[in-house]
Amino acid sequence: MKLALHDTPNLSLNPKTSLWKQTQKARVAFLYLLPSILLFSVFIFYPMFKTIYLSFFLTDQQGEAALFVGLDNYQDLLTSQSFHKSIKATLLFVLYTVPAGIIIALFLALMANEKLRGIGFFRVIYSSTMGISVAASSVVWLFLFHPSTGMFNRVLNLFGIAEIQWLLDPDWALFSVSVSTIWLNLGFSFLIILGGLQNIDEHLYESARIDGASYWYQLRRITIPMLSPTLFFIITISLINSFQTFGQIDILTKGGPSESTNLIVYSIYKDAFINYQFGTASAQAVVLFICVLLLTILQFKLGEKKVHYQ
Amino acid sequence: SQSKNNENESSNNSSEDNTEESGPVEVSFWHAMSGSGQEAIEDVVNDFNESQDKYIVKPEFQGSYEELLPKFRSVGGTKDAPAIVQTYEIGTKYMIDSGYIEPVQSFIDRDNYDINQLEANILNYYKLDDKLYSMPFNSSTPVLLYNKEAFKEAGLDAENPPKTFNEIKEAAAALTKKNGSNTERFGFSMLTYGWFFEELVATQGGLFVNNDNGRSDQATEATFNSEEGLRVFNLLNDLNNAGHFGNFGTNWDDIRAAFQTGKVAMYMDSSAGVTDTIKNAPFDVGVGFIPYADETERQGVVIGGASLWMSKGISKANQEAAWEFMKYLQTPEAQAKWHVATGYFAINPAAYDEQIVKDKWAESPQLKVTVDQLQATIPSVATQGALISVFPEARQQVVTALENLYQGGNPKEELDKAVEATNKAIEVANKTKK
Amino acid sequence: MNIRNKLLLYLLLFFSAFLLFFPILYAFMISFMSSDEILHGKFFPAAFHLENYLKVFDRLPLLKYLLNSFIVSTSVMIGQLIVCSMAAYAFVFIQFKGRNFIFFLFISTMMIPWEATMIPNFITILKLDWFNTYQGLTFPFFAAAFGTFLLRQNFLTIPKELHEASQIAGLNTVQFFIKVVLPVSKTSLVTLGVYSFLSTWNQYLWPLLVTTNDSVRTVQIGLKQLQTQETATDWGVVMAGVIVVIIPTLLLLFLGQKQLQKGLTQGALK
Amino acid sequence: MKKVELLNISKTYDRKQDVISSISVTIEPGEFFVLVGPSGCGKSTILRMIAGLEDITDGVIKIGEKEINDLPPSKRDLSMVFQNYALYPHLSVEENIIFGLHVKKISKSERKKRCSEAADMLGLGSYLQRKPRELSGGQRQRVALARAIVNQSPICLMDEPLSNLDAKLRAHMRSEIRQIQRHLGITMIYVTHDQVEAMTMGDRMMILHNGEIQQIGKPIDIYNRPANPFVATFIGSPPMNLVSCTNNWKTGEININNHLRFFIKPEDQPAVRNRQLTVGIRPEHILHSSNRLTNTIKMQVQVINVEVLGTETIFAFHLGGKEWLAKWNGQWRLSVNDIVPIEIDYNSICLFDKKTGGLIKAPAKIERHIIEQEVMI
Amino acid sequence: MKKVELLNISKTYDRKQDVISSISVTIEPGEFFVLVGPSGCGKSTILRMIAGLEDITDGVIKIGEKEINDLPPSKRDLSMVFQNYALYPHLSVEENIIFGLHVKKISKSERKKRCSEAADMLGLGSYLQRKPRELSGGQRQRVALARAIVNQSPICLMDEPLSNLDAKLRAHMRSEIRQIQRHLGITMIYVTHDQVEAMTMGDRMMILHNGEIQQIGKPIDIYNRPANPFVATFIGSPPMNLVSCTNNWKTGEININNHLRFFIKPEDQPAVRNRQLTVGIRPEHILHSSNRLTNTIKMQVQVINVEVLGTETIFAFHLGGKEWLAKWNGQWRLSVNDIVPIEIDYNSICLFDKKTGGLIKAPAKIERHIIEQEVMI
């Protein structure tokens, strides 16, 4: 699980060996990578370059570049209040969903990793949200959040607590969307973490148990370090996914109220699909891309140190 | 083999002329109707297909209005373009400018088709420079829905709903019921949707954009922060501050549920939603005209909903099929069926004389109010509706402004902000226009 | 573990399971209710009417949608497993110059929001004349940075002795890949398979874009067709649709889980 | 210092076949108890049951006076060296060693001290900061050993702790472990397959075969009086030569395939009456015929294989349809096919009951030098 | 049958310290070559370089006449037993064993045959359908061994292949491996830390220490003429006793800490002149003083530790400030603190140069029995 891959000493190749020989491994690797590279080029890199290109233009109603404006789109973004709001909402959203989601998933996975009767049932239940589409789940959550017939407000009423405008109050909306997102992503994180847990050598726990290490001590000194590659993976994925959340927003809030849930991706979607402003949409996409990229690099740089690789 | 089939199907839409020989001409009809609307549209299309044997129209759902448009934009002018496409009213300007569509006026002129049989107030919207670009299809307007039982309970006249802004305020005050900090029933509510704002401005005679709502010339500036617009915002602000306004967000179903469960006593809904609401609400539902400001006269409503457009660049035969279908839709029988099934207006008023409509109206007389309101509309550039290419964005700005307003924002400031943002979008759009 | 702890753990397990499963349970209940019951916010339906389900199947060619979804999801799953495992293999077991760079390039594709590339991709599909075809629905998803990343992480945990032993046994890279790496990584292949299947199953916007008619449309679009904007939504029917749509995936997850557990316990020798 | 008691312990993994069948043994406090047996006989399984890592299918385990069947491993207060080391791959050697001390809340300075003591003893001083994956096999094993040593638990379980070490280090470790065990008074249960370890380290030794106890006793007693042919061949290297024979109960003559005949001494005759016999003779008791000894069985055999070790020479020959091994001191220049004269002292012969396997006669007074008697210069 | 040639091979993992420093050796076709050395000395590393699993930092490896530095492992046509088995966890024992044959396109019946042969030989017959994780440590090792055996590659590398087996099985495997190797004419490179394996199996043996060759030669020659003190203590168990002494070049007297004095024979005197000496004596050459031998160094020592093995007794005593070990045949009833008379034959003494470590005098004619001369009944 190393990003800092070992470049093996044999790259200091014997000068006698021909270039053809030297590149043999690279050529074999290329064959393995070919399908990916082809598909990526067509469906990701090309559109990405197109996006970057478009971000320097104002586009016409057909979505074609019409007027070169240089960095104007970026400048506009930086001064645009609603983009600031977007960024803030996105960061908050990431902050709400990623740590909480992973901690809950870890908690569930730890429980489900115990060897108990019927544990399979719980594993299925805990991973079930993975099988539920954003569309389907958001519809259900919409119902749960419903201001007049929703389950949540009913429960609050039951306890005599003032109703909450879950999706209508800008102070609550992001939170509510986050809750449903955490729920939705839980299944996947759970499965991944459970897999990681099961891959830890049982002998290590045996040894620790003999030493008399408490559950928490084992958790801290063995489980978490041994799980760190998995955690690292799921954190990276969750971060990226969280930055790209779209479906829930579209169904639950459409970016409102008062743009409080207008995450960047949704803002991009709106600009591109509803307002036909591909130029600004592209500029946002590029900004988002750079943000996520930087964050991921940062994560790899910092996180790597804490991650133990087998 | 599946994919081969599809290729054949799509090539039917293309401009190859030889398809005429082989049986009936098949054309695609892209629409954005889901739920019961989709059922109704499929019924109507079926009727058409059975009524003759030269053409077969295939209704194809393409997502919401918002989702349909970018898709059409991408296939427009190619062989994958459908013969007929449904577009919401605020996409009109975009469609006209796109160059992908054939104005129906050319067929009207060719066939000397009499469009005067159609509802003038509807045609007005889709006409530009006396040229009809698309065929109106599913048209709606907003109306005021109220809970008659709540009216009685509050000692109000259930047969006489409030007409002006002030009356709304008074009624709302009377209808609001509190229980400690929780409000059990709000007097008034409005979906946080730009459409209702546009209608409330229009009914006062206010314009949304300059250049006669964009109808005499390309609109260059938004004008909805005029006094008419401000009155609407003030009304909502006052109601909200008084605690008489219930905010149920941007979701149609939420506000309907609120009304039907008695959480809201009055709200505005699309005429297309009236039938269902009457059916589902456990109490008597009253329907009234939308309110206007006390300072002005009632001008009426702008038409909403969508119309049908014909693609350009497809084969003559396909265009012919599209045209035949459009004509069929305007027949009183088709319209009557459509109106009864959906609550959308009959484009052809003759439909209202059909028996099924009469039966329906007898059953729920409230439905007639929607038609009355439309027919009572005074034609003007205000009630004709605005034509701007960036209409969707403008609506969004209004939504944001409304949301901010409900959170304690200043009406004037929020409105100005929305106008400013809209202006910017208009400016960009005009700049990039070819 | 003593009895008290066990009991406590079971309690926690049940409680979490209930919380987690509540929304699904709720949807399930609603799917049997009449609109009147729904409006009154009941939790248990008065009776388990199948009306809503009948309506759903009557309204839409749901079986056909399900079949399409199944074909599309399975294809993407298989395609992704093949393409991603090949790439991951190269990243782990072949040492070549620029490996880091290419890997990072791959990873970086994860950062690109799909919504941002949708329109150009749509046009590509259009140009390829892949409208209304399974290719159009599946091809763009065959290569996935996520899948490559996941498999790479797993391949890295394969003891290097296995690679060495295979090399000495005379296996070439392809043989080692097929005979050792893939079987040993069954777990993560299942994980990725389940993941890619489900995420494809759950797609909405892309299938909507590249199809214009029902021929290859997937079930999520059907779900959308049950909801309406302007006219009242029949929630009972929608929830029935939701249940119909999620049952196959839950089932798959259930079956996959068994396979997953099996795979997990067969983990590599330490 | 605690007693460990196994009462009728059984274990099955698959609920079909017993891996351990009803074993009872008491390991005394402070005892060094060695467990030997062929690969797969259940040694590790027993250790793991004592440690609490494996459920006990049947029976009772007591530590001290307490039944501990249901006690979790952490409460049993013991340390263990695993056959496959079980090092924490994410911790450095040092952290691995003091892992258990940490848990036991032992002060930092004490931890440091014990760690460096153990590391010195095991020659790990310069590897303390490495991760396990950067160590050679033997180095890893030493870390595992150090980890158990620093714990100073009253009971220590070791599963082939020296199998990957070279002879020199192994000899060193043998005495170190023994010294630590004595010094701390630890009760040690030690699994090994090394003859020398088994013979020299244990106070007592238990031989296991197919999950059943073959013999328990002092190593040297077991060597001298193996309870059955299995033990006889398992302990001692090269193993005891075993061959079945016919015996004439009347004359007391024993006949090995007509190749070798001798008479049972009168005092042993009652014991062999009515029994079928297996004859056993240790390789080192097959002597070079020197004419020095009397009352021996003499013959000439043909060498079929020779192995010359530094101090001794082992050669094989055929006798009675079986391959026999003989071990002579020193380096003999023997070649295959050489004819060599050998002699066997009757006293050094072992007799087993062919049917039950029971020992009938053990070697007597062979090479038991008693220094007090011999030396008096 | 192929030659393996190492020319000035060096290896470093961290680019700082050499794990292997400039080793050159030629392993002849069909030779059984044993590699021994203390833990961590680089044995596995050498095997891995030959196999192509580890890059060669410097030097050339040839197989046959071909330089193979850059040949991938799969092209080198050799088989290998890994120290930690490296079994495929997803395959059954049987599939593990025939894994390589599959690749080599060997017919199904032949695969079956070879597999069952190997399984029988290693006692794996009843485990063929199990997965590796259901096996005990020794069983796993046997699977790894079987896997290498069935391959019948011209070169076979084994890394401590018997370390987890019990003595009996190990003895059996020793001769089996040797026979297979001879039978197939395989060139075998064999790492072990077991003295007996090292002494008996190899045609030649190489002793490695800190990545450097200490000595190469026939095992018995190395035992008799160890090139330096390291080899002397490493080969032979218990190790040779080494002690430094002062020597008077004029009189030829050797003085070990004033405890032991003796004179160097005139013929050896020239070699020791001007040198500081280390004296070495193997434990088995410290004899019980029986007055039988003349010209020996006699003394009495006090026993400080005794280990009684079945055939021999090892005891320790202090002499010249060092602990010495002596090994006597048989079981001696010695106790700690006993005073025992010992004698050492001058011939059995080893002398090393204290500075260079070079061998000056090896034991002469000690216990080299030559059967032809002795036996003539």
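Going by the order they are written in, the chains are A, B, C, D and E; count residues from 1 in each one.
Just so it is clear, a contact is a pair of C-beta atoms (placed from the backbone, for glycine too) under 8 Å apart; a residue touches a chain by one contact, two chains touch by 3 or more.
All figures in this text were calculated on a predicted structure; none of them were measured in a lab.
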*What chains touch subunit A and also subunit B?*
C
*Any chains in contact with both subunit C and subunit D?*
A, E
*Please compute the C-alpha centroid of subunit B, do the same for subunit D, then give the distance between them in whole Å.*
93
*Report, in whole Å, the distance between the mean C-alpha point of subunit C and the mean C-alpha point of subunit E.*
58
*Multi-chain contact residues (two or more partners), subunit B*: 67, 70, 74, 257, 261
*Out of subunit C, which residues touch more than one other chain, so two or more?*
1, 39-41, 119, 224, 227, 235, 267, 270
*Which parts of subunit D, given as residue numbers and ranges, touch two or more other chains?*
72, 84
*Which subunit C residues qualify as touching subunit A in the complex?*
1, 6, 9-10, 12-13, 16-17, 20-21, 23-24, 26-27, 30, 38-41, 43, 82-84, 86-87, 89-90, 94-100, 102-104, 106-117, 119-121, 124, 139-140, 142-143, 145-146, 148-150, 152-153, 156-157, 173, 187-188, 191, 194-195, 198, 201-202, 204, 220, 223-224, 227, 235, 238-239, 242, 245-246, 249-250, 252-254, 257-258, 260-261, 264-265, 267, 270
*What residues on subunit A touch subunit D, complex-wise?*
201, 203-204, 206-214, 217, 221-222, 225-226, 228, 308, 310
*asked:* Per the contact definition, I'd like the list of subunit E residues that touch subunit C in the complex.
replied: 48, 51-53, 72-80, 82, 84-91, 99-100, 102-104, 131-133, 147, 151
*In their complex, what parts of subunit C are in touch with subunit E?*
159, 161-162, 164-172, 175, 179-180, 183-184, 186, 266-269
*Which part of subunit C faces subunit B closely enough to touch in the complex?*
35-36, 39-41, 59, 119, 122-123, 126, 129-135, 205, 208-209, 212-216, 221, 224-235
